[in-house]
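Input: a single structure, listed below in structure tokens.
All chains are identified by letter, namely A, B, C, D and E, in their written order; residue positions are counted from 1 within each chain.
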Amino acid sequence: MITIENFILITILSPLIVSILTPFISKSTILRDFLGPIGGVISSWGAFNIMSSALNNQNITLEIVKIAEGISIGFEITPLGAIFGLVASFLWIFAAIYSVGYMRGNKEKNQTRFYAFYAMAVHAALCIAYAGDLLTLFIFYEVLTFSTYPLVTHKQNEMAQKAGRLYMSILVGSSVILLLPAIIWVWVTTGSLEMSQNGVLDGKLDVAYAPLLLAMFVFGIGKAALMPIHKWLPAAMVAPTPVSALLHAVAVVKAGVFTMLIVLTNVFGIDFLAKTGASEWLIWLASFTLLVTSIIAIYKDDLKARLAYSTISQLSYITLGGALATSMATQGAALHIITHAAGKITLFFVAGALYVGAKITKISDLNGHGLSAPLIFLAFFIGSLSIIGVPPMTGSWSKFFLMLGAANSGYVVVIGVFCISTILNAFYLMEIPARAFFFKKERDIHVKIPKLILIPTLITSFLTILLFFFIEPFQNLTSMMVSKI
Amino acid sequence: MHNNPILRISTKILFAPIILFGLYVQFHGDFGPGGGFQAGVIVASAFILYSLVFGIEAGKKLFPSNINLILLALGGIIYGGVGIVSMLLGDEFLAYNILGSSPQSGQHIGILLVEFGVGLTVSNVMIALFNAFASYDKIKEK
Amino acid sequence: MIDILTKNLPILVVLCPLITSLFVVLIPNIFFSWISTTLSTFLTFLFSILLYQEIQIHSHISYALGKWLPPIGIEYIIDKVAIIPIVIISGISFIATIFAYKIMPEEIEKKSISKVYSLWLLAIAGLLGLVTTGDAFNLFVFLEISSLASVALVAMGAQKDKQALVAAYNYLIIGAVGATLYVIGVGLLYGITGTLNMEDLTDRISDLNNNKALIAGFGFMIIGIMVKAAVFPLHIWLPRAYAYAPSAVSVLLAATATKASLYILARILFSVFENSENLISNTLLYVILPLSIIAMFAGTIMAIYEKDIKRLLAHSSVAQIGYITLAFAIGTKASIAAGFIHMFNHAIIKGGLFIAITSLGFFIQKRVTINNLSGLGRAMPITFFCFVLCSLSLAGLPLTAGFISKLYLIKATISSDAIWIAILILISSALSVVYLWKMIEVMWMREGRKIVIKENPTIYISLIIITFFNVYFGLDASLVVNASFEAAEKLIGDLK
Amino acid sequence: MISSTIGIWNYWIVFCLMMIGLFLVMGRKNFLKKIVGLTIFQTSVFLLYITFGKIKGGTPPILNESIDSIYSNPLPHVLILTAIVVGVATTALGLSLVLRINTEYGSIEEDDISAQDLVDYHDDIETGKSVDFKFKQ
Amino acid sequence: MISELLINAFLVTIMLSIAIALIKTRTVIFTVILTSAYSLVAALMFITLDAVDVAFTEASVGAGISTILFLAAMAYLPKKEEKSISSEFVPALSCIILGGILIWCSYDLPEIGQLTAPIHQHIAPEYIKGSKEDIGIPNIVTSVLASYRGYDTFGETIVVFTAGVAVLALLQKKDPAKKNKSKPKQKIRKNA
């Protein structure tokens, strides 16, 4: 019988082991390439078990290293963490298979390094998911940034280096300058680095300082890509598409919003926020980001750039949900982590497939190619519907909860924001299948999608439908998350 | 200058008295002004005078540079050695009391030895410095 | 025998390198002079470890030299504060000596090697004597030993680059002026109190508040020590001295030299003058705090625009010294502890970085610049890997020693309600990522010459050791943290 | 005020001498002159110490038979003996550095030397003269 | 009393004028000779201040050996000092400020020659007493130098030793035959 503590270790260590092993077995390409998917299966097996224990409301903690008095690296299972851990490890299986197809199809260089750091990034994301205290969270937040840097600059040309520099300077800069002092501020105020289901600051922090501390957190978590620190995300689009999929669906941005939600719920506490109104400004900022980036997305012709701006907008949903500080909205935000992950990873897989299959990067080049790769466009269509929030795609659930939460909180304007945004979503996402199927073909391009790319794409698109029907366990977890102890 | 007989002869005559005076200053330091530093410099000045008059090479022949180096270190070693001996005998570093039969005689022995060490090092360093400066020739350099 | 050893540990730490240096100068063989230097530094390190254990039991050891009780004779004082720089200096110098084995004969004429090792030991002994002594004038003597020896060592870099001579000359003159200013300060204090023993001095100045000579004496002492510690506007000697010294010497100096002076600074501020609270708090607030903040940014910005790597690291040292003095300037127990933590961590970080850079520079004829590093990272993976780890540690990223010091520093600033200082510290450390990343990027990303370099174990062994410490003390910092907190408690007591 | 000034005017002279020495070190750009300045500076500091040690009507601190003689304070004398030797050591080291600098640069004026260094530095950085690796087989 | 004052005033005047002459002169030989003279006058000053040992040392070390070293070094150096282009304002100002601070603080220094000054009350009497009783040699300076503060003197011997070794290492003649360009044992090879 394996204890839950060991499941935590299995889940977080298997990507690490994959990452370490990869350089040593680089001679045998088959073994090296499929180490990732195998690790993903093991890891998500662990994550499933962790989630079921979280459903049973077990309180599990695990201390790894004690650095000094009051500082340690340790893990703990929270409902939200269980969700994020499952998302990250489960989607990694498909992302790993997909990246094999992509790397082979594109004949990229330095594949060993790519796989190694890919797995390392997943490891960091999982550690964030199960982080037991603020310091562990911060440490792996940084590890994630650093392990994705070689992925972003994978092409090693001038442009990639420039993007890499921007990526690093925004993410590291914001986290070090704002997030770290915010964490230490919490440490000084509360006397420990622990987090708690109800928040730890109530009664300890001077209410007047609460908005300032919240601002330090919000702008410190650069990975959540709120305006005006969203610039790194479009810049990081120079990376290979599996990386973009990883960045935007699985690891990096999800780690960002996950951290954001953890801070809002487990550090500040929903009640504290609601009571003091410290997060009111955040609602407006998130709404603003949400709308503006949706509009920018419409004007982007580059497929990946459009998806990137769409991601920023969707991330703001999650932040907004947390900032509304009602239990419904928070639940919606948490669910949106899963639903958006499934949908967005599909969309990026499609973008990569089109690049590998036909070297297409621009949306205007897609005209009329729908029938030359029908399955791919079908997947894109399903994924888009999920993002827009059309039943029976899973995205509808999270939007539903978010709307409900907005209504509960009394911010009627926010409901309007959601509606407008949904229309904009539909506008910029539907353009792509529409062009593919209904526009006239301008030139002949031979589209050949490798199987290793096609299959994961179809699976993830299918997942978006499947999750619509099996959302219940996740919803249970989110309701546990907002319940009081 | 090397050919001036008056200088040569007076140097030869003065050499021994200067060293003698140095030794006087060295060992009379307990009773009057003087001690290792002053004595060291005076002894060194005898050799420097010799080198000035008869040339550096002659000076080096009189007092080879490797012996100079050894004595230079030896002075410090004597000083430290006195301290270490007092340590080995069970007292603190440089505690002279234990060196002799009575504290006072111990102090006498200690002071005599360390002053000698100082004198040795100082005189040899001064000679070495002079030799190094005087034989520094920029044409040979590079 | 064991008795004699334990009893005399405080002096043995200093005496061991000092006496060996007298013998080493006589050994003509390169290998033997190296091996005796190594043995000596190892013994010194051993003694300092023993001393550390002794301190855990007795917590305050006073050693009267020549059995003349203080304040008549000279006294060695070792307490929980002094032990930190002692361990740092002896440990780092041992590692640096191992590193010197291969690299020293490459850069220095064979004929002068034994003299160089002798000077090397003298520099170490001087630094150790500096931190152990409890006598204000004896401190000056050891200050001079260490600075004369380091100047000569820096000048030995002239074989590679003639600028080393000018660097050494400036180091000598500025250092001598600093030392003389210190002597003036000691003289003024001596004039009004009649004592040179530091503890006695503390007692005797306690009823001399607002004495002008006291203030001036304090000022001169502080200025003199600040010159030696390279605190911001007085740091001008440092970048050149570190940049043009022979590789091993850069490592030794960068990791140890300023630490000793910083410790003296802390001691003067918080221990010797502990009774003149107004004077100290004003100095901290109006002099040291602003200077440290300027140093943090000036050093970092200079480093960003610098292209010569060794100078770059030297500028970064100026900034890091700024962090330490900043920690002292805040003046709470937590912040002083943070200062000591950073003192320790900065020693291992800078030591590691200099070892890495100089071993990369080993293959470059004259000067390591940002341009000629291209691609070297891939040619020398082990060195490069260690370099990256040490850089991350300097930048203060998690799981490295540097992070611990930043963490405690920021915690100390926030808990004394100076959040703006915390933000400034973090901005400057984020800026430091810029220059570190610049180097790493060039080494790794840019295609250089296609060369394969077989790395030499005798060179990288010391690098690996020091990198290991960088990671180890990031994971298990309790030793350093506890020692530093004890030191801070000892320094400022329960006053604050 | 006047009486106290008379008691301390000696110090003022010493301070003036010190500052002249310090000025020579900091203000002059000739490397030899700087060392000379340092010597003057240090010698003046020695004077300060010895002045402290003086007692009116005292004798040099060498014990004599008369019982009631007052001895000047020996401690400053000892300190200064040490400091003089340290000073000459510094001077010697400085002079040897100046000699070497003169050989390498052909000048001992700071302006000259920093100009040369600057050119050298830019040569290295910009043209990459020093990029050559020591290729050894 | 008057004669002492006169001698003192005379010596001080000489010292000040030498110092000012040093600022003025730009000829190296004058500089060296003036420095030597300065040391010599300082030695005389030390005698008037009862410091015979110091005077002896200053005369032999400061005026003697230093001058010889200066002269020996001078032989290889330029004979004229050039006028610098940069302004001397900042150094002059900082010197004036430091001097001002010193003069300001001098009002709180003990008056010269007063037996009641703390410097004469604390520690020093014990040396005078102890030199007779504990050590038994008449020259108190020697007993303090070699015994009470023997460790300082040890350090000082080491300083001298350091300087000697340093100068020897710096001014060593290079071997003309083989320049020390030995090859590193690490191997580099071009990767074709």
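Throughout what follows, contacts are C-beta pairs under 8 Å (C-beta built on N, C-alpha and C of every residue); 3 or more make two chains touch, one makes a residue touch a chain.
Keep in mind the model is a prediction, meaning the values are calculated, not measured.
Q: Which other chains touch chain C while also touching chain E?
A: Looking at chain E and chain C together, the chains touching each of them are B, D.
Q: What's the minimum number of touch steps needed to get from chain D to chain E?
A: 1
Q: Point out which chain occupies the most central position, where each centre is the mean of Cα atoms.
A: The chain sitting closest to the overall C-alpha centre is C.
Q: Among the chains, which has its CA centre at the largest distance from chain A's?
A: It is B whose centre lies farthest from that of chain A.
Q: For the chain pair with the highest number of C-beta contact pairs, give its two chain identifiers.
A: Chain pair with the maximum contact count: D-E.
Q: I'd like the Å distance between the centres of chain A and chain B, where a centre is the mean of that chain's Cα atoms.
A: Distance between chain centres: 79 Å.
Q: With chain centres defined as C-alpha means, what is the inter-centre distance between chain A and chain D in Å?
A: So the centre of chain A lies 66 Å away from the centre of chain D.
Q: List the centre-to-centre spacing of chain B and chain D in whole Å, with centres computed as mean CA coordinates.
A: Distance between chain centres: 24 Å.
Q: How many angstrom lie between the CA centroids of chain B and chain C, rounded to a whole number?
A: One centre to the other, that is 35 Å.
Q: What positions in chain D touch 2 or more of the other chains?
A: Each of 18, 22, 26, 52, 60, 62, 75-76, 79, 81-82, 84-86, 89-90, 92-93, 95-100, 102-103, 133-134 in chain D touches at least two other chains.
Q: At least two partner chains per residue is the criterion; list those residues in chain B.
A: 31-33, 37, 69, 72-73, 76, 80, 83, 93-94, 96, 122, 129, 132-133, 136, 138, 141-142
Q: Using the touch definition from the top, which residues of chain E touch two or more other chains?
A: Only 52-53, 57, 61, 65, 69, 73, 76, 102, 106-107, 109-110, 117, 119-120, 123-124, 127, 138-139, 141, 145, 147, 149-153, 155-156, 158-163, 165-168, 170-171, 174, 184, 186-190 qualify.
Q: Going by the touch definition at the top, which pairs of chains touch each other?
A: Pairwise, the chains that meet the contact rule are A-C, B-C, B-D, B-E, C-D, C-E, D-E.
Q: Would you pull the chain C residues touching chain D in the complex into a rising list?
A: Touching chain D from chain C are residues 137, 140-141, 144, 148, 151-152, 155, 158, 162-163, 165-166, 168-169, 172-173, 176-177, 180, 183-184, 187, 190-191, 196, 307-308, 363-367, 369, 371-372, 449, 451.
Q: Mind pulling up the chain C residues that touch chain B in the complex?
A: Per the touch definition, chain C meets chain B at residues 3-4, 8, 11, 15, 18-19, 22-23, 25-26, 63-67.
Q: Across the complex, what residues on chain B touch chain D?
A: 31-33, 37, 122, 129, 132-133, 136, 138, 141-142
Q: So in the complex, which bits of chain D are touching chain B?
A: 60, 62, 81, 84-85, 92, 95-96, 99, 102-103
Q: Going by the contact rule set out above, which residues of chain D touch chain E in the complex?
A: Touching chain E from chain D are residues 4, 7-8, 10-13, 15-24, 26-30, 32-33, 36-37, 39-40, 43, 46-47, 50-64, 70-82, 84-93, 95-100, 102-103, 107-111, 133-137.
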